[in-house]
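Each of the two complexes below includes chain A, the first together with chain B, the second together with chain C.
Entry: the complex of A and B
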């Protein structure tokens, strides 16, 4: 019965081919290296969408495969962005300061440069000193390490505390939401050393690349995001294909039974929770240099819930579903809220999509939850004529495992 | 000839005498005319004193006219009048003594006395004496307020004078209090001051502290060697311990006792000015990015005499050791400062105790707000186990219902009384609708309930934005809820918060009554514990679930009206409370109303307590509170009051 890896994971191959084709097409049509049919800002939007797809994959791993509805993964995403943003902002400001101080008759001391940089960065929050958390901001390698470490450690500590006291289900969701709220409230404070609600800005200017036009930089980041998405997808496929993945699905469908079978459920959950937090951090680190600015509002609890919405609409429990959901919903959302969608005149009232899109999104989300729990991904089952067996109205799983039948056949 | 002279003199004297009899005010003004006309703040004081001490009933009129720039002098004979402009563009002259119009004059024949603001202030404090004894109680109160606002040494005597004649007991008490405060600060006699200080020692009033604090104001002083004995020294400052070394040295520099320090920026600028052929003081310019090399170059320049020498650390330490730094009380008397600081200590203790009471009241009021916001959730989430993320939007709906009712019914009392049941009805209906359309399909899938209700919450929030706009709408409380119940100057609680407290208590009783005394409560409890068993006993599950969910939502609506009274009504009103509400229910223990109450109390008191440590930063308070709750759940995962036995479920 054991088929070749590619045979069991046809969707993986199809996905990677589609991603490669998409990347090539965008490259050829881009302003930076191609014929310029796609504007630089749209290349950035597409690149950002790929990053969102990556964080959606990490959400899908946690929620779709292990049944942990985390409402904190977008916070990990934002933390990754903050970590890389610190280096970008420090290095860029240092370049500017060094240029301006080079004209002085006396060469500046290291302390003078550092003071001037601190003054530039923190003047907006009324401070002129580097907080302790910026200790590694001058080193790209250290900050890149922190992109993974900070979300990982936070998720590890939080997960360890939560899982060991057997917090599960909706309680865990509420707790993760509280953690996200605490984090964003903390970041909103001006004296936290991360510039409060001003956030970090000017991240699109890559230090050392001042002469390279944004059109080119955007394509590089697009490639980076596409590569990260492809690699992340492969990693996720690898994680869920083996025994680890089977245990995760088992935990989702009946945690108690897996525990009685002798598996250390808490460890599995903790490893997955921490690992996906790191993945989310990486996605954030690729996202925010393209967005150019990060502020605490990005980390608000609502963002993490939207992440869950994307995964649910795309179809949880299948990796390409998460990608489809994130890509489709975020692109369509920006189309509707960006004012590009045409208004609908009803005679007595004109529907402006800027105002009504969220209403439509909210209601369609309710519809998806009620009538299509498989999300858009369920359409592929229809194409493959894969139909859940008729169980004559009996519950699918013992509790929260609505997707067990599909998993069993895969 | 001689006789004639004598006769004329006698006549003149008589007439002066007669005028003094008839016009005493004018007489005084004439005597003081040179000072009045000189119109200078430095010299005018005797003139004002002469008028106000004259004991004449007209003195107040004169001073008032003078202060209001209505005092004019007729150029022809030098007499003073109060003058007002008439319709014929000339001036009507009022005699001060008779109070009647004695003539008119053109402005060219008159000279106006224009006191500057300094003189007007002097006149003002002279006037206080009259105002303090004014027959009109309103004026007396106004004068007293001005005394309290701008206390001064010269006010003490007139205030004491006015005490005896004060008929109104209320004003008398105020006057006596003001007299005590002025005595504390300005009385010439030390014993009287100390007596006043100890008399007011236990008083909580802000004014007492405002009087005592300046009495203890200090200035820093520096002396070569030990400080003189005669000074009233508050504290001896030791450089490096009680005062920063740099700060101490700055005091020396300011007192011209030491050469100024040379800052890093000054060194840099000095070096930049003395670059000669690529080197400064023998150091090549490119090596000046090292602070040590800079100092070396500067020292070299200083030796040449091009720049002032920078005092080194050793020199600074020596200079500091040779001087003594002290905080000296501005008030010279040791006994007075001792009494004042003792009184302030006593007051601080009392204030602290009262602040604790105030903190408890604040915590109670926050508790009742959280409880009110969470009680609906305690029903839907705690009893039914349904996660309703749209709960916050039901709160918002209730608040907007109150706003709409106020647009229709202008009377605030009536509109609030109408809004509460209406908000209940509206959100009850919305809750029932949501239960029928969405939630009942998802009873065994709690995570998906969370997501679906979140979809509803996004839609409702945006809908509210579309209907009411993004700006905040006011929900005005009735007048009898305005203001605060102030127990003393420290402890106060606004009536709205008391009302919310009462409302929270009321709904606690309603909940207990419904759950324990009604058929619905019985059936709800049965359904909660075992739905299948309940159904086989003939309980209509659908109906019970629908009504219970409606009840929880309805209470959320009422909470919305209450919250809207003190917070601005916006579409985000609900989402501000949703996380705290869930926390309240989870921390308290699911399925138990007393647990919810305990949870609300814990969160409310905790937040106020953390805010007390760091009052400027409510964000930090919320952050720490949430972190604390996450930690708390580690130790009591099932909340403060956990259900036991079968009711606890899995």
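Entry: the complex of A and C
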């Protein structure tokens, strides 16, 4: 255990150092603070990638460590985004409305301002009143609390119902898919108060920071995301490295045995499911202000499946694996689908990556599952075994890995 | 002797097949008992009922001084009440070290939050080392338990059982697949354990049962056929017919 513990610590230290180096590099090269080699939109892409890595960590905790294949964790991510989006949109609209009404001959009443804001936000879905769920939208603190509470409560209720009835395995996966599908269908409706399929937009405009250029805001969010990822990683390491982690892995490998040891397995699953949902919510709350828009399509079942694919490709059951998987796959994916990858003319047919990328991703998922069940993270084991295992800090293995890791997030 | 566990009039059917038929059984708080019987006699089902895995159709399972009914309690709760179980096939957590396995089993608070904030205490580690010595795995503490031999896994599981400090140990075929020397060691561990707690051993191997030197209960078709010393039950005509004679 001692060695394993050191090993875990070592990978944590390496991870944090790399994350710091990466953050610093991006900062220095950014438009907002540095020499401008990296465009603002790419800084945003990188910042978003860090958020995806954070939600991948929460997926890895649930699936890789406790064996609960949740295919609904992206729903919690989306909910976190919606919660912070409500405040951003409300406050920003209020600012604009207040400025334009300030020129009016008669100073507007609070009610008039509120009506005007509602009209601005909900006009698109044919309404001009604030629905009940926007009750706290004027308070940043309340909405930030909801970022954690809403996913947490949903996961808590869902998990309580599912785990108590001992739903497990593929049935649980299907249930979680149903949950995220139901949620996204609900959000698609116009009369639910969250603007239906329009979603919430203009989230990149941070209230009170109208004079700050996006180049700078993007760097701030990038820092925020990097900090959250680092903190989330440490939290996850703490959770899985002690006895709690032992119990989780026990549940993954032989649930019945853990029960006969006297551990209330269902309660453990519930705590973990709820906790990781909160973590996913935080990741989402940092992601969508960088993306600028959130709509119900973000919560589609496929998003949660992607999440599982990232973790599988990166290597489940190890935290850095989740980060590598999310970083690598989502960046490569945006390269292919963003039209940057050159088409391959075959004479009789031209391969357009925008169409074919999903096939490539699907194939690589199948390949990884069949031939490298440990994912990319498993490569570090190979390296570690080839090189003498007891060289502590001076070990080459993780350094090599480090390079890969950087590739993954740059 | 007051009884620790009292099972009375228990019946359970699976799809019309009566696995346990009006079974009654009781055991004192520091007693060793061997249960023998042919395949399908209901030995494993009996353990399932006591540990809460299977709910009986009728009957009572009463536990301890407070006469607590174990029916309707969850497996985890029953385990916390002090019923420990060892499975036929050794089930240890293979990708974790011997030490982690033992630490997990060690009697302690089981709630998720107390486990989350649990810090390995020196006295707990000392207890783990002591247990490892008892089961002959002292020098294997840091090894991944998946690498252990079959016999060592059996012992590790027995060690985990002892670490739980149960008041009743249910042990399913502990000697299966062991060498004679390993069997002897296992016998010693069990006999030692039975000095302070109740131990129920399900076993096929008569030689092993003889070495335990305890009262024997013969199960047949889900009910008790005979009970008494090994010599007593092996002299029983019915027992010879259904079990030994074959």
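As a convention for this text, the second predicted complex is superposed on the first by the 377 of 410 C-alpha atoms of A that agree within 3 Å, B and C clash if a C-alpha of one lies under 4 Å from a C-alpha of the other, contacts with A are read in each partner's own complex, and residues count from 1 in each chain.
Heads up, the rule we're going with is that a contact is a pair of C-beta atoms (placed from the backbone, for glycine too) under 8 Å apart; a residue touches a chain by one contact, two chains touch by 3 or more.
Just so it is clear, the model here is predicted, and its values are computed rather than measured.
Undergrad: Please determine whether it is chain B or chain C that touches the greater number of chain A residues.
TA: Residues of chain A touched, chain B against chain C: more for B.
Undergrad: Of the partners chain B and chain C, which touch A:178 in the superposed model: first, second, both, neither?
TA: A:178 contacts chain B only, not chain C.
Undergrad: Answer with first, second, both or neither: which of chain B and chain C does A:243 touch in the superposed model?
TA: second
Undergrad: Contact-wise, after the overlay, does A:253 reach chain B, chain C, both or neither (first, second, both, neither)?
TA: second
Undergrad: Give one of first, second, both or neither to describe whether A:305 is in contact with chain B, with chain C, with both, or with none.
TA: first
Undergrad: Would you sort A:267 into first (chain B), second (chain C), both or neither based on which partner it touches?
TA: second
Undergrad: Could you tell me if A:102 is touching chain B, chain C, both of them or neither one (first, second, both, neither)?
TA: A:102 contacts neither chain B nor chain C.
Undergrad: For chain A, what residues appear in both contact lists, the one with chain B and the one with chain C?
TA: Looking at chain A, the two contact sets are disjoint.
Undergrad: Help me check something: in the complex, which residues belonging to chain A touch chain C?
TA: So the residues of chain A touching chain C come out as 1-4, 239, 242-244, 246-247, 249-250, 253-254, 256-257, 259-265, 267-268, 271.
Undergrad: Under the stated contact criterion, what part of chain A meets chain B in this complex?
TA: Within the complex, chain A touches chain B at residues 67, 69, 104-112, 158, 161-162, 164-167, 169-171, 173-175, 177-179, 181-182, 185-186, 188-189, 191, 301-302, 305, 308-309, 312, 355-359, 361-366, 369-370, 373, 395, 399-400, 402.
Undergrad: Once bound in the complex, which stretches of chain B touch chain A?
TA: Of all residues in chain B, those touching chain A are 264, 268, 271-272, 275, 280, 285-286, 288-291, 294, 387, 389, 438, 441-442, 444-448, 450-452, 454-463, 465-466, 575, 579, 582-583, 586, 617, 619-620, 622-623, 626-627, 629-631, 633-635, 637.
Undergrad: Could you list, by residue number, the parts of chain C that touch chain A in their complex?
TA: Of all residues in chain C, those touching chain A are 51, 53, 74-77, 79-80, 84-85, 87, 91, 93-97, 99-100, 103-105, 110-113, 115-116, 118-120, 141-142, 160, 164.
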